[in-house]
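In the two complexes that follow, chain A is the common piece, with chain B as its partner first and chain C second.
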Partner chain A sequence: MATKKTLAFLLMDAPYESARTTTAFRLIDAAVRRGHDVSVFSYEGAVALSFAKQAPHPNAVHGRDVAQEDHPNPKDWIGALAAQADRSGGKLTWINCGLCVDERGVGEVVPGVGRGSPVDFWKSAEAADNTLVIPTKG
Partner chain B sequence: MSKKILQIVESAYRATIEEQDDTVVWFTHAIKGGGADVAVLLRGHAVNYAVKGQDASGIAFGERKQTQPPDLAGDLARLIAKGVEVHVVEEDLAAHGLVTAELIDGLKPLKQSGIPELLGRHDLIWHW
Partner chain C sequence: MAGYLLIESRDPLESSDVASDFYDLAAGLARRGEPVTLFLVQNGVFPARRRAHAGVLDAVARAGVEVLADDFSLRERGIPSDRLDPHVTAAPLDVVIDRLAEGRKALWH
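Right, the complex of A and B next:
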């Protein structure tokens, strides 16, 4: 990698609601695979992305049991992105908006996910080479 | 020196009853309190946030009343009082039938054609 960059993202959509979340994860994956440092601030519904009690389910329509369906929950993707960052020599920092967590009752999060406030995102943006806010629309 | 941030608020009245505020205006208050150099641009339906006299009170489900309804114009006025520039697109005001007398004080009206220059004066553009 020629130059290591630091990128700050803000996500807002709740899991399983918008293709914007998948797009955001693609962008984060591309960055960490290149060894860049990435910080993510989850705001509003996006705090549920890291909720530890997400569970995979079977899918009768697909005719598959839970193992066959092998449905990745976003909490697992967050862990996988962090592991990828480690392997690539970068770092993934994931912070949830604390008040957003409280009002949704999703305080049980996967390891590595922290709690903060918009000021944490602002500080990340100040330190980053670039910033992308991906808000809920509509 | 802090980066200059422009918050473009376009998605309007998104969960404002549940949240008791607009989440982007609230976010702006929070980072301003932390020391951010931030301004706001209201466009689209969000220009209506600047209208005085909005009253979202009175909602109740069963016996549970909401006692602290959103005060969007007040939240904007408090941003302005903190030194945050709040720009508003004139054409969007006109499209919504709004005139200056209906709006809070201290806004900075801006023609659509002036937006590029405004963007150019900021380091980070966060479009919500």
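Right, the complex of A and C next:
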């Protein structure tokens, strides 16, 4: 990487609903692998990405147990992204919109995820070298 | 001016504003002399197929826009890189991060 940058992302989609979530995780992964510092602000349904009570499940239709199904949970991807950031010499900061969390009852989050307000997104965008907002489909 | 990065995630047949608004925006910015990259991702890669959608991306490319298509999204949809419109280049998603790091003004649709 030529120069370390700080990139801010805003996510809005709930888990398991849109390809945008997969793309967002891929983008964040690419950024942290390059050693950039990344700040993520999760808004609306995206606050559920870090919900700690997400659980993998078996697949009775295909006759697979929990281990065989190996169902992915985005809360684990957030932890993996943070670990990758550490290995690459960068930092991942993840903040949830507190009101969005309360509305959805997803206040139990995985370690490393904070709580804030849209002001925190404005602050992170101000501090970042660049910002990408990934909105829900209107 | 660092230029623009426009990310299109929708197929023009899925959303009527893709070609009429977003492609036009990319072409208009390029005609003003700005460096512009249009990065196609998810269903946004469908028009990248050769002869798809009556060459809807031709005008965008002729305006000077760099048109890239996410290689992962292409593979997901069974679109081989040798079947792409000649104006479109397959590229990894990392390009988006590199353009952001360069300071391109970014807009997702």
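Here is the rule we use: the second predicted complex is superposed on the first by the 137 of 138 C-alpha atoms of A that agree within 3 Å, B and C clash if a C-alpha of one lies under 4 Å from a C-alpha of the other, contacts with A are read in each partner's own complex, and residues count from 1 in each chain.
The rule is short, and it goes like this: contacts are C-beta pairs under 8 Å (C-beta built on N, C-alpha and C of every residue); 3 or more make two chains touch, one makes a residue touch a chain.
Worth saying up front: this structure is predicted, and the values here are computed from it rather than measured.
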Joint occupancy of chain A by chain B and chain C, clash or fit: fit
First (chain B), second (chain C), both or neither touched by A:L27: second
Which superposed partner A:V133 touches (first chain B, second chain C, both, neither): both
Partner chain in contact with A:E44 - chain B first, chain C second, else both or neither: first
First (chain B), second (chain C), both or neither touched by A:W122: first
Touched partner set for A:V113, first chain B, second chain C, both or neither: neither
Nearest-approach distance, in Å, of chain C Cα atoms to those of chain B in the combined model: 6
Intersection of chain A interface sets (partners chain B, chain C): 131, 133, 135, 137
Residue ranges of chain A touching chain C (in the complex, touch as defined): 3, 5, 7, 19-20, 23, 26-27, 30-31, 34, 36, 129-135, 137
Chain A - residues contacting chain B, complex: 10, 43-44, 117-119, 121-123, 125-126, 131, 133, 135-138
Chain C residues within the chain A interface of the complex: 7, 9-10, 41-43, 70, 72, 92-94, 96-97, 100-101, 103-104, 106, 108
Chain B residues touching chain A - in the complex, by the definition given at the top: 2-3, 5, 11, 14-15, 23-24, 27, 30-31, 33-36, 124, 126-128
